[in-house]
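Some notes on the structure that comes next.
Per-chain residue numbering starts at 1, and chain names A, B, C and D are given in the order in which the chains are listed.
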Amino acid sequence: MLEVSHAFLNFNGLQAINDVSIKVNDGTITAMIGPNGAGKTTLFNIIAGVYKPDSGVVTLDGVDITGKKPFEICNYGITRTYQVIKLFTGMSALDNVLVGMHINYKLNFFQDVFHTKKMRQLEKETKERAMELLRLVGLEDYAGVTASSLSYGQQRLLEIARALGSNPKLLLLDEPAAGMNLKEKNDLCDRLRIIKNMGITILIVEHDMSLVMNVAEEIFVINSGKNLAYGTPDEIANNKDVIEAYLGSGD
Amino acid sequence: MKKIFKNKKIRNIIIMVVTIALLMVTPVIFTSFRSGNYYLNVINYVFVYAIAATGLNIMTGYSGQINLGGAAYFSVGAYGTVILCNLGIPTIFAVLLAMLIVAFFGFLTAVPAAKLKYHFLALATMAVGEIVNNILIVSPGGITNDTHGMFVKALDLFGLKLSKDSQLYYFLLISMVLCLLFTFAFIKSHTGRACIAARDSVDAAGAFGVDVKKYKIIATVVSCIMIGFAGFLFAYLNRYISPDTFAAGKSTMFMSMTMLGGSGTLFGPLLGTILITIIMEVLRGLPGAGLYLQLSYGLVLLAVMMFMPFGVSGLISNIKTKRIIKKKRMEEMEKNNVGS
Amino acid sequence: MRIIKKLFVLLLLAFVSVLVACGSKGEESLKIGYFGNLPEAGDCLVQRNTIKLFVEKWNKEKTFGDVTVEYYEYDNTNNGAQDTEMSIKAAQKLINQDQVDIIISAQLSNIIQATGQLINDAEVIDIGLGLSATWMQQGWDYVYRTALNNDYQVPGMTAKMKELNQNDVALLYQNTDNCLTFRDTFKAEAAKSGLNIVADEMLPAEGGTGITGQVTKAINSNPDCIFITAMGGSFGTVVKQLRQSGYKGMIYLGQPLTTTEVDSIGSEEVNGVAMFSPYIAYNRVEDCKNEFCKNVLQAYFDKYGTCPQTDMIYKIWDAMLLIENAVKTAKSTDAKEIQAVIKTLKFQGCAGTMDFTRGSNECYFGAQAWVYTGQGVAGGPTLLEDWLKTDLSSKVKMTK
Amino acid sequence: MDFLKLVLQLLIPGLCLGCVYGLNGIGSALLYKGSHTINNAQGAIVGLGALIGYSIQQGLKIGLIASTAIVVVITFFIGVFLQVFIISRVERRSSMYVVIATLALSLIISSISMLTFGSWTFESATIIIHGSKYLHINFVNVDILWSNIIAIIISFIAMISIHLFLNRTSFGMAMRSAAMDSFAAESCGVSVVKTRAVTWGIMAALGALGGCLMGPLFGISAGIGIAMGNKGNTGAVLGGYGNMYGAIIGGLIIGMVETIFGYIYSPYQSAFTYALFLVFLLLLPKGIMNEKAIEEG
């Protein structure tokens, strides 16, 4: 599905990404973990098109998408959530998800603004789909509420619902569990499994080991910009280098 | 009787019917006694300014771009239609052509403006306003009759001469309601949502395939057309247009109407226009009314900026949404306590 | 549906609040309305004081029988300056709410122009104090002027320039309705009498910071004399800068200088500045030589304790005389009858006989040339002929 | 010879106008560097300063220079007051609101100053050196007003002192660090509130200084202030917003351009100046001294 091979990125002197290669298989939940400042978010942004790597290739199903602009990457079927929540605060939850579906909404200006029959019919369809997504993340009865008045956890879920709006092939989640309490985290894991069963591949960047171990099928560990380990959760759990990187070497 | 009022649907219809009846009858009531004629004229101005403020709101409220030169589009709309009408073109085509000119002028200013930062956009729109005003004062070939100003013939719509306030009243009322409905349709449309998204977060909107520049331009052009349309109506209501009526004062007036009412809300501009017009009429008698009026614009804008950035209707809707949230949170609390 | 309901409830609120504020119908009386720059202590204050003086006199002496005279005034300024849109609103309020019979509109021609159509259609008498010819050409039969029309000044001016063989004239004009028409008439008249215009520069309206370029261009065009037409009260800076930049020749002005402007220009620099006017302003009542004007200034002084510093006193006084004569001869307060009577009126005014019988709604047709000598009071304006005899005129370069 | 005369006749007043715009420009540049906002109220403050200066001249019967000094001090504290009680509160919400808040302030200040001082143009005292108001240059026989020359000299002195204040004094250093990154500055003990207040104080004082210096040339009125305020911002943008030295150059260019356009074709004087501003803003977004005016993304 997604493949990053030999990516390098230098931030005026700091070699943030140093020959990193990762592969995300179809229909899996893959996680990317690593200590603070390991370059996880930078790699995440390279995939999402925010940064252009100095060298190295990012391909999705064989198509090279290195260095494409964010709104082009969205057309390829990759959508993302943000570590620092970037919801459309002035709009209701439903509208946020509707904007998520922006790209598959083919109408010319006049049809759209003058609410022709075609537009009203398409609008009803997309609204139903949006409500479905809100039901998926459990926000269906908050549909009319403006995004800024939702609680922190709810805003996180809304971001995921919005990202699913344009039924992507690959969903990038940037620390989705940050700021959530235990109950919300378990709830999140169930929802992520439902999304996976819908056939959407998920790549999570996360600190919370318990969440990663619970939901991820494959895990990449990145440390100071380099590949450290790859494998299933229990392989990683007792992999010597990973423990050392996290807990610092014993000697 | 009680049962009827309990049923929400019927209650709405009754309110609607009563209000429509009252709206249709108002000119007759007002023209019955002579001083009412003056207030009918004031109401006509409220309609015109409400349309202009709603137009400005599309750009500032819904698309997050500041526009301190609204008077420029207002004057292009006014002078455009009047000059074309004087050339003998029937009113309808003159208005359409003028709106095209305003749209082109709006597009011309929108494209560069889309990439400017908020503060520099403020300076740029102010500069555009000054340039247009200067061109009006010393127009090439004297088409705008420079500072002599231009007299405007009575509006003739399909041969119907609308000169008296009571006749204009219906035309202005219908135009305002149409403009409000158009704005409502625009916001609820896919394009409208994209403009609002571009306002709230440029990065997130970009990430979901919204071409931010394109939607900023669309919002500006739509806003210019509506302000230009209000300019046309102003010309035929005021029956005399001169460059000094379109000076910077007009842009600040539109700005304070939109902001006071609530920028980014549908009825904000209309509410703001009514409140500002009431202030205007109250101050009318005072010596130095103009200065007190300018002072009140300043105080209104400052109060909005410091205490209620979403204006009066923003305040009302805040209270309402807070109540809904609290109610939902309470339900959820009970559900959780009962559940866990 | 919810949106539509909200819209209509909102409009309901607006109408109810406005309905409450409606006025009531007045009983039989003569109502005079005025709009102008109320806080301004210059021309507008003189106008309002004179109107109040007459209204008081008429009511005390019952000059119109048992009719009481009422006076309504509104402000028409926006951002410190008189504004056409505010004037239209003030005029509408006077006509519709207060139902006035006679309106005295301000001395700015673009204001009179903007409100003329409205007042004329409402068949209310409109007495304008502005000097520009444009609003007299609109064919409004309810609009009159009790000041001197610019167009009637210009022939006298060009003749004087020809006489002193000042053939090259530099033009400085302010971009307002009054000054533009004055400039166009002057250019037409100058072409007819063989004067050539060597410079034609536009000065920005008040608050403009860039008059240096224009002044320099006027001086460098090496003119025999310079003609400036600007709004009352804004000649000071231009004349001062002309003199400061070394221009020693004669300067003709479209309007008389106010006494404050004379002081600011300075006695030595104001020498040689000429203007055409049927009357001039004085600092003290005693300085006035004309008998009729002296009584006018004395009456104003007795009531308000100060001598008016501008010649507006004569214009507004003539306007009130017009009202007094018209209402007395028409013996009614109805505007239509007053309008019919005015065409037959001929009576004594501040600048000689005011003759409305010529059918052009105007009353004055000629003016004398005065020159500021810089000595004595208010720059001591003396007749041009006397000034030429004195040695002061030698200090000024008559031709280039 | 008379080309030189023309140059001199236009150069000095143009330069004087340019200096005053430059002074305003410095204020706007400092403000933008510090808090990324634009001050629309600058014009009104300039008008207010000029009017206060005039009333001091009349009240205490003192010369132009003395009254200007007093005005500069008064407007400094007015600037500080505005920032602390009004702008800082609005800024907490978002820097976008500050643009509209300053526009509101401009309306309030200009209407109050017109209500108190009246709305017509006053005559300001001019500077008289050895008995005459003009410096006569005989070989070109041109009279140049002393107050123009003094205005240019004082403006340069003010510019140099601001430069020294920012680079040499410790508080100046604090101000520049707060301007670069207010969070970092705050962490090492710089009270950003104080630096912002002083920035506004300096901006207001410079504006009022410009207003008073222009008195002899154009007379004193609130209207003059408004025109100068906008041009000050225009000059700052021309020079590259946020860069003080660019603002001075930008101001000088605008001053010269306006005077020259006044000479070439006077009716479109203000249109040319603002058009030049738009051209610079759009074609050269970084301005002469390279400061970002374009929004990414």
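Couple of notes before you dig in:
Note that contacts are C-beta pairs under 8 Å (C-beta built on N, C-alpha and C of every residue); 3 or more make two chains touch, one makes a residue touch a chain.
Small disclaimer: the values here were computed from a predicted structure and weren't measured.
Common neighbours of subunit B and subunit D (chains touching each): C. Distance between Cα centroids is largest for the pairing of subunit A with C. Among the chains in view, B has its Cα centre nearest the centre of the complete protein Cα set. Look at where the CA atoms of subunit B average out and do the same for subunit C: the two points lie 38 Å apart. One inter-chain figure worth recording: subunit A and subunit B are separated by 41 Å, centre to centre, where each centre is the mean of the chain's CA atoms.
We define each chain's centre as the mean of its Cα atoms; on that basis subunit A and subunit C are separated by 75 Å. Rounded to whole angstrom, the centroid-to-centroid distance between subunit A and subunit D, based on C-alpha atoms, equals 50 Å.
Under the contact definition stated at the top, the residues of subunit B that touch 2 or more other chains are 137-138, 203, 206, 288, 291, 294.
Each of residues 39, 77, 79-81, 175, 202 in subunit C touches at least two other chains. The list of touching chain pairs reads A-B, B-C, B-D, C-D. For subunit D in complex with subunit B, the touching residues are 32, 36-38, 40, 86, 89-90, 93, 95-97, 99-101, 103-112, 114-115, 119, 230, 233-234, 237, 241, 267-268, 270-271, 274-275, 277-278, 281-282, 285, 292-295, 297. If you check the complex, the residues on subunit C that touch subunit B are 1-15, 17-19, 21-25, 38-39, 74-81, 83-86, 88-90, 92-93, 95-99, 110, 113-114, 117-118, 134, 175-177, 180-181, 202.
The part of subunit B that touches subunit D in the complex is made up of residues 66, 68, 112, 115-120, 122-124, 126-128, 130-131, 134-135, 137-138, 202-203, 206, 212, 252, 255, 259, 288, 291-292, 294-295, 297-302, 305-306, 309.
Per the touch definition, subunit B reaches subunit A in the complex via residues 182, 185-186, 188-194, 196-197, 199-201, 203-211, 218, 264, 321-322, 324-325, 328.
Those residues of subunit D whose C-beta lies close enough to touch subunit C in the complex are 2, 5-6, 9-10, 13-14, 17, 110, 114-115, 118-121, 123, 133-134, 141-143, 145, 214, 217-219, 221-224, 226-228, 231, 258-264, 266-267, 269-270.
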